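Chain lettering (A, B, C and D) follows the sequence in which the chains are written, and residue indices restart at 1 in each chain.
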Amino acid sequence: MKKIAMLTSGGDAPGMNAHIRAVVRAAIYNGLEIYGIVGGYSGLIEGNFIKLTRKETANIISSGGTILKTSRSKEFMNAGGRAAAAEQLKENGIEGLICCGGDGTFHGAHALWEEHGVQVVCTPGTIDNDLYGTDYTIGYDTAINTAVQAIDKIRDTADSHGRVFLIEVMGRHAGFIAMDVGISCGAEYIAIPEIATNLDILYQRILKQGKTRRTIIIVGEGDEYGGAAVIAELMKQKYDIEPKVSILGHMQRGGAPTARDRVLASHLGVKAVEALLDGKTDVMVGKSMHDIVYTPLVETWTKKKKIFNYMMELSDILA
Amino acid sequence: MKKIAMLTSGGDAPGMNAHIRAVVRAAIYNGLEIYGIVGGYSGLIEGNFIKLTRKETANIISSGGTILKTSRSKEFMNAGGRAAAAEQLKENGIEGLICCGGDGTFHGAHALWEEHGVQVVCTPGTIDNDLYGTDYTIGYDTAINTAVQAIDKIRDTADSHGRVFLIEVMGRHAGFIAMDVGISCGAEYIAIPEIATNLDILYQRILKQGKTRRTIIIVGEGDEYGGAAVIAELMKQKYDIEPKVSILGHMQRGGAPTARDRVLASHLGVKAVEALLDGKTDVMVGKSMHDIVYTPLVETWTKKKKIFNYMMELSDILA
Amino acid sequence: MKKIAMLTSGGDAPGMNAHIRAVVRAAIYNGLEIYGIVGGYSGLIEGNFIKLTRKETANIISSGGTILKTSRSKEFMNAGGRAAAAEQLKENGIEGLICCGGDGTFHGAHALWEEHGVQVVCTPGTIDNDLYGTDYTIGYDTAINTAVQAIDKIRDTADSHGRVFLIEVMGRHAGFIAMDVGISCGAEYIAIPEIATNLDILYQRILKQGKTRRTIIIVGEGDEYGGAAVIAELMKQKYDIEPKVSILGHMQRGGAPTARDRVLASHLGVKAVEALLDGKTDVMVGKSMHDIVYTPLVETWTKKKKIFNYMMELSDILA
Amino acid sequence: MKKIAMLTSGGDAPGMNAHIRAVVRAAIYNGLEIYGIVGGYSGLIEGNFIKLTRKETANIISSGGTILKTSRSKEFMNAGGRAAAAEQLKENGIEGLICCGGDGTFHGAHALWEEHGVQVVCTPGTIDNDLYGTDYTIGYDTAINTAVQAIDKIRDTADSHGRVFLIEVMGRHAGFIAMDVGISCGAEYIAIPEIATNLDILYQRILKQGKTRRTIIIVGEGDEYGGAAVIAELMKQKYDIEPKVSILGHMQRGGAPTARDRVLASHLGVKAVEALLDGKTDVMVGKSMHDIVYTPLVETWTKKKKIFNYMMELSDILA
């Protein structure tokens, strides 16, 4: 193996740049040439390759986003697009591919292997932490800290006014972000997709705080009611109260990665290169309980990662 | 003069605690007893007084919100409420009152003076910077920095995807926050209430960036269309593009104050106490071009503070 | 069991307040009265007890330091001091004690149990992460992120000038902080107490960067040469270069805790209360690989926690 | 005028990149070609020119350091070096030069004009704020906020232990940073170069706080005793107390610029280009009380900018 390539795809996540840096350095350390594909699978179809060197990745460890850009490619969802992509890899002499992203990215990588025998190793890059086969995904730790810092600010004003706030965080169909953020912010209630949102209990928690004290409620975007704005409307109808709504939004996707995200991204970058050298393919390189774990790509989306039970417990005891 | 009191009212702003600390220390320095009124004008009507000492205000200089809480009191808008408030001050032997807040707060203070002869000095505490008689208000510098930091994160993800973002910031009917934040974030377009929002120019700026590069548009909440969500809808109808929308929301009201806000809050706190001792009343203590300025309360809302022309210029040249 | 107490002792760590909040809420949840001892073991000897309630701990989850203060008590190191402490607990009807701190704190707690049969449960609160029996200590995650953020700033200026920087981080006799921070900052060399510091390799790394590019070297305070200033002096003598030195210092001990530190502190707080209720004593409540672990206090300092081998590997491959 | 160039020189300061971006955009807006000189005056002597475009400066507004690098050039201090520099400008057809830096930079620029008739406009880029002719320098606001945030963390631990801390900040021979930071952090004493440091008063302030409460003392690096470490030693000899010392160091030079620094850097960048077009030379473009001010370079170092008297007052009243 002499030449490999990497791309980032799907939603970007803080730490992707630290990951790119680690892949580049590990590749060079192992005597490989390393190419970056700009623009995810779209860039792959278009043959948008650039040679990556130590110099180009010298100071990116601390920056959010991805220098390789990313996309959600419709063309790649068709067999024709994937055939064109495989052809590009062949033409450019790329013998192994590293794809960093979420489950959409992994579906694509799996198809590349299945249909065209492309040796492909994936790494978990998403703020949502919703991938089986790794305790944490690259970007998750930064996202929860960004949310916590924003909510600390909201609490200042909520506290000064004695207000009720419904704060919506990201996470798609998974409640990891909501749960960690909720515990970290001392939320009075945490609504997550995995559990029915109980408006009566939620309202009881508000009453328990009393009129002069603030109440902070964290809502995962995928909760059964569909987010904070809907719940606020229901609260108004049902209990005649008008909570303030704050949707943290896209800021959760950016920013300088935390130490944990940088270390995780670095570790998985090195191990992804080694996995290619070891002949591994169609797997995600994850990290669980301090060990590197290789999970077949199909399992990453067919098996479901669960929120630890103790988090539910904590949320009730500490509310 | 032996006993004075202070309150915070209206929307809270970062730096109010640094301001309270300074008022307390300046009062003690000048041999006065100082009382805090908890809960703004509502607290005043209810007689919610607490004695403030150096110790209670020892570490609050760095915290957002206000330890005296705040409120928007409906009762105080009636003559009866104000009479009750004046009575409370009299009963408690308070000879002078310092009110920190925005124009609603100032209207109330002015009425207290007009109707009941209460000696009252106001200080500008609002993130919106929309008060005539001071270059900057307490909380403004923190709010723009909070917004800038959030938008830096959004730019990471916008950049990785080449997306168009409409980001809404606070500021009520004034464009100060939008303008400073827009220049600071290198926005391609800045929509403010003071100027007609030109969707065609806005669209041209997006086209100029091109499909693969991100566009950041900052929208002041009081812009003529009514905010980022409305503009996004119009952009879709008119030009068939779908910008992402992010409303920064209440986080802009909280957080540890910046150095400038702490210094301003401290300075105005000391000068407000001195103003009471000097017999001043019915005025706002502000700061303009490094000098302390006393503005009759009525002028603070009848005269209009303007955004510097050079900011408009900068926004065009740098876009 | 009806009445318990808690204290914080030794060096403070971010997350101690989140931990206190969790202990208080878990105690109340379990029907216990909970007292705080102000000033660590010194406060215990003096009988400095205060009753803790939900209200007092309402907003402390996000603040650094410890509302219970801390100390390094010389008196408590004598049998007489400990006898007085045990007497205070007895007089106040305290049936169980939670002590949060590092190994000095644990020695004291162990002696209280051994000599006076006080039921005592410890929790790991130190930024150094040097306690056997838990993967991470409360405060560690915040400390490494504080260091990383400071070094990101230093890298800006190092990069602009092409300078060599020796940056010293805390960690006492353990290299956990240095290692995690070094990997996170893309350091060219990481000096830790566990491994001999090789000045020749260090110098080679500087040469490899070249004259126009910056070099960042992270030094754990307990390294064999005794820190960054000494190494700088040696570099000057040996290789005639003058690296800049920056000692991050005490800022690493403070600040708002990260999400991970808040969740860990909350979890361990709840479990410490449950451990007392279960009759456990003379143990530290830690967390390893997502599970709660109880380690006899003596083992926490006689057994040695090791840095993961893969961190050394990463540091070489990524330098 | 068709072609201009710019460089950054001396100590770097946050906001220099925002300044470069503004110069580039203003140059293009005015129909000029704009070149960057890499490495300050050293780069100028070597002819290290690169053409700058909008694209290259697209996302640098938020980054610390300077993409043009900087240096302290010894060669440029000699007439021969300056002659070579002037020759390079001539050969490359550069008709006007913008130099961003501090007084060393300005001396060099002045000599270029005096000796070789190079049209040169300077802009104030230094964290120290020690330049006559501008209220604030680019980088100053960021530096004081960085220091304040670090000291907020130190206060957490100082408070938990009831310790005395001497914290040294930058500022060279000027006390601007120390004074603004001291007021912002609620320091008990602020030592600055402009005023004799009174150890007895300093000690009285420590005594006033009492044994159980922390004392924060801010020391400007240029104070008469030569910094925090020396004062600590004197305190030990004279009063038998051992304050902790923390030297904030180089982190004060880096990091993402604040909103104010970005706006100032942007404004001065646009005006520097316009100044060249207007035929101005041998001047610094500064900003005072919201107006752009042009100061002959010689005056920037022969006249002395003073700390506002009210800051001294505040420091006494609020201590």
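Quick note on the criterion: a contact is a pair of C-beta atoms (placed from the backbone, for glycine too) under 8 Å apart; a residue touches a chain by one contact, two chains touch by 3 or more.
The shown structure was predicted, so the numbers you read here are calculated from the model rather than taken from an experiment.
Student: Quick check on the contact network: minimum steps from chain B to chain C?
Tutor: Steps on the shortest route: 2.
Student: What whole-Å value do you get for the distance between chain A and chain B if each is reduced to the mean of its CA atoms?
Tutor: Centres of chain A and chain B (C-alpha means) sit 35 Å apart.
Student: Could you please state the distance in Å, as a whole number, between where the Cα atoms of chain A are centred and where those of chain D are centred?
Tutor: Roughly 39 Å, centre to centre.
Student: Quick one: report the Å distance separating chain B from chain D, using the average Cα coordinate of each chain.
Tutor: About 29 Å separates the centre of chain B from that of chain D.
Student: For chain B, give me the residues that contact two or more of the other chains.
Tutor: 152, 155, 159
Student: What's the complete list of touching chain pairs for this entry?
Tutor: Here the touching pairs of chains are A-B, A-C, B-D, C-D.
Student: State the interface residues of chain B toward chain D in the complex, per the touch definition above.
Tutor: So the residues of chain B in touch with chain D come to 21-22, 25-26, 29, 58-59, 61-62, 135, 141, 144-145, 147-149, 152, 155, 159, 180-181, 183-186, 213, 256, 258-260, 262-263, 266-267, 270, 289-290, 292, 308, 310, 313-314, 317-318.
Student: Give the list of chain A residues in touch with chain B in this complex.
Tutor: Residues in contact with chain B: 8, 11-12, 14, 16, 39, 63-66, 69-71, 146, 150-162, 165, 212, 244, 246-255.
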